[in-house]
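This report refers to the structure that appears directly beneath it.
All chains are identified by letter, namely A, B and C, in their written order; residue positions are counted from 1 within each chain.
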Amino acid sequence: MDGVGVGEFGSILLMQGFNGLSVFSVLVLMALGLAIIFGQMGVINMAHGEFLTIGAYTTYMLSQLTTNYFPSAQPYYFFVAIVVSFLLGGLAGYFVELVLIRHLYKRPLDSLLATWGLSLIMQQLFRSTFGAKEVSATLPDWLLGSWQPTGTIDIPLNGLFVMALTILLTFGVWLFMYRSRAGLQMRATTQNRVIAGAVGINTARVDRMTFAIGCGIAGVAGAAFTTIGSTGPTSGSLYIVDAFLTVVFGGAQSLLGTLASAFSIAQTNSTLEFFLTGSSAKVITLLSIIIILMIRPQGLFSVKVRK
Amino acid sequence: MSIKFSGARRSVSAGLAALALAALTTGAASAAAPPTKTINTTGLKVTDSEVYVGQLHSATGTMAISETGSIQAEQLAIDQINATGGILGRKIKVIQEDGASDWPTFAEKAKKLLVQDKVAAVFGCWTSASRKAVLPVFEKENGLLYYPTFYEGLEQSKNVFYTGQEATQQIIAGLDWIAKTKGAKSFYLVGSDYIWPRTSNKIARKHIENVLHGTVVGEEYYPLGHTQFGSLINKIKLKKPDVIYSIVVGGSNVAWWKQLKAAGLTAEKQTILTISVTEDEVLGIGGENMVGHYSAMKYFESMENDNNKKFVAAFKAKYGPTAVIGDVTQAAYEGPWLWKMAVEKAGSFDVDKVVAASPNLEFTGAPEGYVKIHPNHHLWSKLVIGQWGANGQAKVLYQSGLIEPNPFPKGYQ
Amino acid sequence: MTAVKDLLKNREAVGMIVLAAIIFVILPLALDIFRLNLVGKYLTYAFVAVGLVLCWGYGGVLSLGQGVFFGLGGYCMAMFLKLEASDPVSTKIQSTPGIPDFMDWNQLTALPVFWQPFHSLTFSLIAMMVVPGLLAFIISVAMFKRRVGGVYFAIITQAIAAILTILIVGQQGYTGGVNGMTDLKTLHGWDIRTDSARYILYYACGALLFAIVFVGRFVLRSKAGKLLLAMRDKEERVRFSGYDVASFKVFVFTLAAVFSAIGGALFTLQVGFMSPSFVGIVPSIEMVIFTAVGGRASILGAIYGSLIVNYAKTFFSESFPQLWLLFMGGLFVAVVMFFPNGLAGILEQHGSKLAQLWPGRGRDAASGAAPATSPGMPAHAGNAAGEVGQLSSSARGAPSDAVTPSTVAASSAGAPARTGAAATVRAEAGI
């Protein structure tokens, strides 16, 4: 390692640490919506990636709109895009629940197949609407480049942004689930649907809201990922497997579990990538997940629910 | 019947910009069409007024992102050929099939086109994997494939014409250029994990070590579809290479360039040369993330020559002003033209005769300037270095002389 | 009782004969060799579908990683064929003649050790079944002994599919990478690319398919089959009745894996290459869809499902290259939403009505419906499990019903229960 001083090496280690956190945020962001839906409702949403894509295309459209009609709003449009992505993703989710998912609650494995069909349809709709080629949202300048606290440290601004958004969103979800009436109803429904219904909770409505919120969060994630990844008809499918593994590894029904699993997967992968090659890091990470799951099938954290 | 294109330019009419290239052909179209039985002795689907060809690309799936441009370019070339009377007095009819980004599907559809539809030629495939899947089919059924993508070489088939560059054409001159202009000595090779990047990097490594006497300080591959490149970027920072040589493809490409920019590795700080970014990819990456970086290709949309101006105008007239044209799109456009020239020289649609007529055909109307078919079925072509601007277009900095295609390079294996 | 049983048996026999007629007579007569070869390819997916009927439709174990076994079987076959295609003469252009071309491209100078035994056809054929079977066995023992099931198991199999794909793609010097193993030519000197070879392979494929159908039916008719059904609907009860639930699941999962592997090997032979795109998540889910469309609880239904979905895929993608995904997606959603028991379920419902309306032709209609009428449709299954459970709980006073309130609900919807069949099931289950 000629040419790299001790101080510089330290900077690189620091940046590597940040990278681990940044991957962690990405994992949390893509898994959060899925965790809520899967954990709370036991529904496998294979179209989760496509809800991400909704957010990404929303951001792209708003970016085009701003560039063409309100160039002065360019630095701020991204915040609007996040909110709109949440709303559109949520709306789509609400609709999908109404038409499709609610008929399949008693058949969780079937909901997996139906949502997979849905994901095919959505991909084709994106392709027909926006074209097969990838597009790129014009990002505001403050999201580009890096922050340099010292001469040798570069902290990616988009990484920082995604991280901040993840913290905010996770906190929001926690507030909603553990400090709001709606969240209480949601948790009650998860724990015992029949009793929850008996004490006057409209469980069908709770389900629909849960699904809509989960999809809305996917939309937000999609908007955020335009800063670090691609926007195309099949972009969402790049994330889906990792998101599933994160949720399962963490243990369903546990927000903390999702966070813990995202953290351990991210750090393992990012550290292995640094010392090994990219492909072998991926394989080792995936294998470890499987081995741990075989030893602990319920995932890292699991809420004890009577079955 | 003449196959020299250059002499016919006088016939170009100003009002027919969209058809300008088509008008480069000689008067063959106006001549009386020869009877079908004399120009088609092997049972291809040729009637007295039409000839059928196949088009086999991915219209769906992950590769649709890349292959759409090729579909459009081939369609444009065929329209232009038809507008000037077609081939041997026959209009070209296209049977389009979707390979769906799935290699076995490519093989199935290739077989369908050759066995059932009996097409005279197929324009198609994009990835090496899809070409490898259809190759046995074309060889067995004696079909004819025009393949547009730059690729790893190590292949030569009687039944395939490769209109993109093979690896040595794309790599060696580019490395020479960057070593000379940047004084680069140390290189970091990065790629997606499959045959094209690996073979290309193998050639690059041999050239760097044996010819340029430089060093390769790192060589890394990431799975297709990988989206997190932070660790890799830190490793690169640790090694401080003079040049990053990048062959990342697909959805990963966008993530890779966005994250490079975000990590502060802009063109001022780090020289990056890539052979996997064309105008099509920049559309997804965003020009602002590519500013100042270099691509080594045989074609850029911004190339200044008359052929290209007409081609770009015709393409945008057909597909809208925002359409972009990448290297492979241009190479795909050459396919139907090269086929037309060969058929007219052979005076027959028979595959064997077309193949025999092809070597040393010159296409002076090529948007990239000039190409010639080598007896090994690849094209003589130039290498061009482009530097990307924020508008998603490249500025041409360097153009090599004509490079001989050499799919089995000695000393590079 | 015996009359009902005879009829059922008869119907099933009729169903088999119809299918055999379609596969061995009608399709070869109606189609040219190109299309017939495509049908042969579809039939290889039917091997997977039959396996899925056993482990998913009956055992309740949904695997989203059947592509792994299909792929491994195919790869074992492909390794043998590739070695035969890579003789020193035809590979003399390489820097190391005599090894597969992709190895040469990846600078390998000698055949890796684990490739050596694949020079032998016998070894390859054994490996083709043992390797995937062993993998399935290990996975399923690890999972089922720890009582991992349902959704978790599905996702873990999915992860395994993802990992194996990454491994195959990454180790391209040994596996051919993303391109797979292409340009396979001969089997012991017999050119598999000729039309006559294609006919022979097609018939061999059909014959083997019927062989595994009989194996599958034998398993389902056996005591193990009844228990699988009971387990799917009330696993706890079967466990409390003293059965080792995990072992039955391991058995059926491994069997399904071996079926898939045979399908994969036949695929390689008929199509002439193998690639990692059969190992991944997408093909694995597609194979589940074939099964669901045909009817997850009907062996014959699953075969029809494989044929119909793949035909639809080919047809739509040839007719509407730009939009065919919409049709396919719509088909999957519709089947899952409205016809959870697939085609077999539709025929079950409407076939018997037809039989009542037109008694004279009823038998014919019922013969078409045969896939649906094999004993142990979900409707019966719910009862079977209930019976098993009630017997065991009343006999041993073990679990209370309140612990598992909803597990039967899904399966007991649908056609009216047939007490006769249910009683038979119970009787044959030996409880």
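We take it that a contact is a pair of C-beta atoms (placed from the backbone, for glycine too) under 8 Å apart; a residue touches a chain by one contact, two chains touch by 3 or more.
Just so it is clear, the structure is predicted and the values come from calculations on it, not from any experiment.
Farthest from chain C in terms of Cα centroid separation is B.
For chain pairs B-C and A-B, the one joined by more C-beta pairs in contact is A-B.
Between chain A and chain C the centroid-to-centroid distance comes to 33 Å (mean Cα coordinates, whole Å). Averaged C-alpha coordinates give centres for chain B and chain C that are 41 Å from one another. Rounded to whole angstrom, the centroid-to-centroid distance between chain A and chain B, based on C-alpha atoms, equals 37 Å. The residues of chain B that reach two or more other chains are 59-60, 193, 221, 223, listed in rising order. Within chain C, the positions touching two or more other chains are listed as 166, 169-170, 322, 325.
Among all residues of chain A, those that touch two or more other chains are 123-124, 279, 282.
Taken in their complex, chain A has these residues touching chain B: 1, 3-4, 9, 12, 15-16, 18-19, 22-23, 26, 123-124, 127, 131-139, 144-146, 148, 154, 156-159, 227-235, 237-239, 269-271, 273-274, 277-279, 281-282. Partner chain A is touched in their complex by these residues of chain C: 62, 64, 142-143, 146-148, 150-152, 154-156, 158-160, 162-163, 166-167, 169-170, 281, 285, 288-289, 292, 322-323, 325-326, 328-333, 336-337, 340, 403-406, 409-410. The residues of chain B lying in touch with chain C in their complex are 59-60, 96-98, 100, 102-105, 107-109, 111-112, 115-116, 127-129, 132-133, 135-136, 140, 152, 154, 193-195, 198-199, 202, 221, 223-224, 408, 413.
Against chain C, the residues of chain A that register as touching in their complex are 42, 44, 46, 100, 103-104, 106-110, 112-114, 116-125, 128, 194, 241, 244-245, 248, 279-280, 282-283, 286-287, 289-290, 293-295, 297, 306-307. Those residues of chain C that touch chain B in the shared complex are 32, 34-35, 37-38, 41, 93, 95, 101-102, 104-107, 166, 169-170, 172, 177-180, 182-185, 193, 271-273, 275, 277-278, 314, 317-318, 321-322, 324-325.
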